[in-house]
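Common to both upcoming complexes is chain A, partnered first by chain B, then by chain C.
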Partner chain A sequence: MFLTKLAFKNLARHRTRTLAVGLIIAFAVFFYIMYDSLMAGMNEMSYEAIIDYETGHLQIAASAYWEEEEKLPLDHLIPLDLLRMTSLAEVQGYQGSSAELSFQARLNNGINELPVVGRGVVPEELMSVFPLSDKFVEGKMFALGEHKVVMGKRLADLLDLDIGDFVTLLVRDKHSTFNTIEAEVSGLVHTINPNVNNFVVYVPLDIAQEALAVGDAVSKVVVRLERKEQAPLASAQLEDKLRAVAADLAVYKWDDVDAISFSRYAAAENRIILGIILLIAGIAIINTVILAALERMREIGTMKAMGLEVREIVYLFVMESTGIGLLGGLIGVVLGALEVWYMVRHGIDFAALVQLDMTSFGVPVVGRIYGKWNPNAFITVFAFAVAVSFLSSILPGYWAAAKDPIQAIQHR
Partner chain B sequence: MLLVLNKKMHKWLAGILGCLCLVLLLLPQHTSAMTAEEIIQRRDSNEYVQTAIADVEMVIINNNRRITKTMTSYADRENALVIFTNPRDRGTKFLKRGEELWMFFPDAEDLVKISGHMLNQGMMGSDFSYQDIMESDKLTDLYEFKLIGEEEMDGRMCYVLEGTALPDKEVAYYRRISWVDKERFVGLREELYARSGRLLKVMTTTKVEQFEDRWYPVEAVMEDRLRKNTSTELVIKSIEFNATIPPETFTLENLR
Partner chain C sequence: MALLELRGVAKVYQQGRIAVPALRGIDLEVEAGEFVAIFGPSGSGKTTLLNLIGCLDKPTAGTLVFDGVELIGLDQKGLAKVRRENIGFIFQSYNLIPVLTAYENVEFAIRLLNRHDKRELRERVMEMLAAVGLEGLENRKPNELSGGQKQRVAIARALVKEPKLVLADEPTANLDSKTSEEVLEVMVKMNKELGTTFIFSTHDPRVMEYAARLVEIRDGLISSDRRRDGAVVSH
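Moving on, here comes the complex of A and B:
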C-alpha cells in the first residue's frame, strides 16, 4: 500500500512529465475514437447512399445480366409481362418497386458531350423506391411519354445546362445502331450519392425502351423494404415466387453489390489503419517509460540503497506507468466522446473544410459526414492504453532495478 | 475527183460523227442505268485497298483550337495498325484485328481493349469515333442502297445514294447518304444518320488524286453534327498501295 501511495505521489510530484506522457496517450486514444467513429459513420452513410439511390434493398435481374451489369448490356433483359405475373407486394416488408432500363449514353448539349448512365424509369415507381422527391433543387419529375430528362445538378453544371434546355442523348440500341433521344431538362437533383449527381440521367421508361429497341423489357427491378435487415427473408420469399415464373431470374440483396463489398473491403483497410495508430501509440508509451526510467536512475539507486527490493521497484514502476495510462486513457476517452458527440450531432463538411471535392478521393458520399457511436471502440482503446502502459513498464523497471545501487546513483 | 473524194470523205466523216453522237447520247444513259449496288461496288473497288502503308496527318479543330497529330498506318482488308508519330503522342498505337480494337499507351506501357461504350468516343479527341474506324468495309452486306438522284458537288456530277440498314444487321448508322463522283467513283460526301433520323456525322472529301488507274480521296473532313464548331481534317501525305506488310505487324505482341 505504501508503494502504491508512493507511486501516485510520484505521479503528482512529476506532474509535468505525467501530464506530457498522459497527453500522448490521450491523443492516441482520442484520435482512435474519432477515426473509428468517422469511418463507421462514413460506412453507414455510403451503404445508405447506395441503397437509397442505386440498389434499393433487393434487385431482380437475370443472372446472365447481373454478371455483366457493369457494361449495362441490352441483352438478358426482363420482359415486364413476366414481372406483372409476380405479386411483389406480398413479400415481407415490401414498400415499393421500380423497373429500370439502364444504358450507356453520351449526353450532348450541342457543344460538348459526356459519358453518362441513362436510366429509363416510371416516375411514380422511382419515387416510391428512392427518396428523390425532396432532392429536386430545380424543376420537377417528368411523366411517362414526355421527352424530358432529370439529372444531377452537378452533371448539369458541367455541361452548363438549366431547366428548359434541350439535350441529346446518343445511345446504341439493341442492334448496336446509333440512336438519339432528344429531350428537355425538366428537373435537377442533388443527393448524397455522387454517382447520381455526376453520371445519371433519368429518362421516361417508354421513351428509353423505344430508343433502345428493346420492346417492353427492363434491365432489373429494384425493390424497397421497410428495413435493410429484412432483405435476407424477403429475398428468399421473392426467389420462391420468381422460380414459378422464370428460372433465370435471381434476387440480389443490397449487400451483394460490388459497391457494398468494396465498402467492406475499405472498412477492413480502416481496421488496419486503426491497428497502426495503436501500434504507434504503444511505441510512444514504451519509449516514454524507458526515458523516464533512465531519467530516474539515481532515484532508483537511492531507493535500492535504502533497502527496496527489485520486485518492489518494478511494482513502483508498473504502478506509475499504469497510472499514466489510466489518466491518458481517461482524458482521451472524454475528449473522444465530446468529438464523437459533435460529429454525430453536427457532422463534418470535409469538402468545405479543405475546399476540395472529397468524392475525387473516393469518399462515397457528398455533403456533411456524420460520426457514429461505437462503445466497443471506447472500451478497446482504453483497455489497450492501460494494458500497454502496464506491460511496457515491466522490462525497463527490471532493467533499472537490476542495476548496482552505486552505479545507479552515479548514472548520468 | 477531188470533189468525189471530198463527198466520200464527207459521208465518211458524217458517218463517224453520227456514230459518235449516238455513243455520246447512249453513254450517259448506260452509266445512269447502273444500279446503286454497282455504284457502291465501283466506289469500294476504288477506295478499299488490299494493303497500304500511309503517312497521315489529322488536324482536330475545336472552335479556334487546332491540334495536329501525325501517324503512319498499315492496313490490309481485315486489320490495321496506326502508330502516332507527333511528339505528344509518339508511340501510341491502335490495332484493329478483325472485330477487335486495341490501344497501346507507351507512357503507361499498357494495352487496352476498346469495346462497348468506349467505341462511341472520339478517337484521340477527334470527330472520328472508334466505331467509325471499326466499320466493316462491305457496306452492301449491311445496307440496302437506293439511287435517289444525281447532284453536282463542287463542280462534279455525283450519284446520290441512300443506304438503309438491312433488318437484323448490326450497323452503327441506321441510314447513310453518299455522294459518289460519276466519273471517278470516289465518295465526295457522306451523311450518317441515327435511327431517329438525326444527322450525326458528315464526311466530305476535299481532294482526290489519281494513283495509276485509281482515284483515291487524299483529303477529307469529318464533322460531328451533334457538336458545334468541331471538325477533323484527315490528310494523306503519302500512300503506297499493295505494299508488302509482314503478317506479324498485326499482332498484339507487336503492339507493345
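Moving on, here comes the complex of A and C:
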C-alpha cells in the first residue's frame, strides 16, 4: 500500500513526462475507438447498401438455385403462378416484394462489350423494394413491355452510353442458345451500391423472360420489411406459408448472404491497429521506465540499502507505468467517446474530405459516414492499454531493480 | 557475545585486469551499544568496510558474524532481510526520497517491517521526529529542508525501526561544522537513549571527538583501535 502510494507520487513528480506518455497512449486509444466506430459505421452502411439494392430483407428462392446463385443459372426457377397463391403481404412488417429474373449477359454498344448482370424486373415492384426512384441521374424507369433498359451511370460512362442510345444484351437462353435483347437506354442511376453502379442492367421482366425462354418464371423474389430486425420472424412466417405451396422453396434472410463479409476484414484490420497501439504504448512505457530509473539511481540504491527486495522495486515501476496506462487509457476513452458521439450524430463527409467519389473504390459510401457505438471497443482498447503499460514495465523494472546497491547509491 | 565480529576480512576490487586490494585482513569486534568512529585518510577503505558490515557487499575472504548470523552464507534476499530489520543507514548525501515528506520518509522504513498498527506507527514516527529535533517539520519535502534537517530525517529514518546497528558513512561531510556538531549530538543522544550501536566513518578530527571508540584504518588494515578513555582495544 505504501509502495503503491509512492508509485503514484512518482507519477506526479514528472507531470509533463507522465502527461506526454499518457497522451501518446491516449491518442492510440482514441484512434482505435474512432477507427472501430467508423468501420462499424461503414459496415452498417454496406449492409444497408446490399439490403437496399441487392438482397432486400428476405429472398425467396429454390434451395437448389440458391446454392449456385453466383452463376445466375436459368434452372430451378420459381413459376410465378405459384407465388401468386401466397399472400406475401400478410407477413410481419411487409412493405413490398419484387420478382427478379437474373441472368448473365454481355452488354454491347456496337463497338465494345462488357459482362453484366441482367435483371428482369417489374418496375413498380422494383421501386417498392429498392429506393431507386430518386437515384436517377438521367432519364426514367421503363414500363413493362418496352424494349428499354436502366443501368448505372458509371457503367454507361464506361461504354460511352447516353439516354436514347441503343444497346444489345447478348444472352444464352434456357437451352443455351444465343439470343439478344435490343433495347434503348431509358434511365441512368447512381446509388451507394457499387455493384448496381457498375454491373447491373435492369430489363422489363417480360422482355427478359421471352429472350431467355423461361416462361413465366423468376429466379427469386426479394421482400422488403419495415426494419431489418423483423427478418427472423417474417422469415419464419413466410416459410410456413410457402411450405403449403412448394416444398423446395426457401426463405433467406439478408444476413445469410455471403456478401456480408465486410465485417471479417474489419476485424483483421482492427487487430493490426491494436497491435500497433500495443507497440507504441509498450515503447513509450519502456522508455519512461528506463529514463526514470536512470534519474532515480540513488533512490533505488537507498531503497535497496533499506532492505527492499528486487520485486518490491519492480512493483514500484510497474505501478507507476500502470498509472500512466490508466491515465492515458482514460483520456483516450473520453476523447474517443466525444468523437464517436459526434460521428454518430453528425457523421463525416468522407467524399467531401477526399474530394473523390468513394464508390469507385468499392466503398459503398455516398455522402456522410456515420459512426456506431461499440462499447466492446472501448473496453478492449482500454484493457489493452493498461495491460501493455503493466507488462512492458516489468523487464525494464527488473533491469533497474537489479542494479548493485553500492554503485546505485554513489551514482551521480 | 559481540554484536559484530569480523575475522580476516579482505576485499579485493577487480578493475579490469588490475586487482585493487581495499581491505587486507580486518579483525574487529563491536559490542552492542558501542559508538564507534572509523577514521583514516581518503582511500584507506572506510566505505568498503562499512558496505561489508552493512550487508551491501560480500568480502573476498574472511568471515563476518552479525548478531550471531554468519553473513557469508546468506543470499541477496537474506542480506536484504538483515538490512531491512536490523541495520539503519545514514548517508553522506542524505538520500531521502524526494517525493515523500519528512514524515513519510521515516514512515517508509518502519512500514517495511509490517509490525505496527496504524496508530502505533504514527506515534513512533512522530516521537522519532521529535527526538531528532524536527517537530513541526513533518510535512516538509526534502527540498524544503536544510542539509542538517535532512540528515536529521535520515537519522530518524535509520532509527525508527529500532535496528541493532546504524551505519553512517561520513554523515557530516556535507555539513558545516556547527550543523555537524548538532547532528552528531543527536546521534550520541540516540545512542545513549536507545542503546543502538553506531558505527560511522569520518576523516574529520573534530568529528572523532564524539566517538567513544576510535578505529584507525590505513591501507586496508586497522592501525590503531582505542577507547576514548585511552584504553587500547586488543584483538
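Quick note on the criterion: the second predicted complex is superposed on the first by the 282 of 412 C-alpha atoms of A that agree within 3 Å, B and C clash if a C-alpha of one lies under 4 Å from a C-alpha of the other, contacts with A are read in each partner's own complex, and residues count from 1 in each chain.
The definition used in the following text is that a contact is a pair of C-beta atoms (placed from the backbone, for glycine too) under 8 Å apart; a residue touches a chain by one contact, two chains touch by 3 or more.
Worth saying up front: this structure is predicted, and the values here are computed from it rather than measured.
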item	value
Touched partner set for A:283, first chain B, second chain C, both or neither	neither
Partner chain(s) touched by A:177 [first = chain B, second = chain C, both, neither]	first
Which of chain B and chain C A:379 touches, first, second, both or neither	neither
Partner chain in contact with A:168 - chain B first, chain C second, else both or neither	first
Partner chain(s) touched by A:137 [first = chain B, second = chain C, both, neither]	neither
Chain B versus chain C as contact partner of A:309, first or second or both or neither	second
Touched partner set for A:334, first chain B, second chain C, both or neither	neither
Chain B versus chain C as contact partner of A:108, first or second or both or neither	first
Partner chain in contact with A:299 - chain B first, chain C second, else both or neither	second
Set intersection of chain A contacts, chain C complex versus chain B complex	none
Touch list for chain A against partner chain B, complex	71-72, 104, 106, 108, 110-113, 115, 168, 170, 172-173, 175-182, 211, 213
Residue numbers on chain A that touch chain C, as the complex places them	2, 6, 9-10, 12-13, 298-299, 301-310, 405-406, 409
Parts of chain C lying in touch with chain A, wherever the complex brings them together	51, 54, 56-57, 76-77, 80-85, 87, 89, 91, 93, 95, 97-100, 107-109, 111-112
Chain A-facing residues of chain B, complex	116-117, 120-121, 165, 168-174, 194-196, 198, 200, 226-229
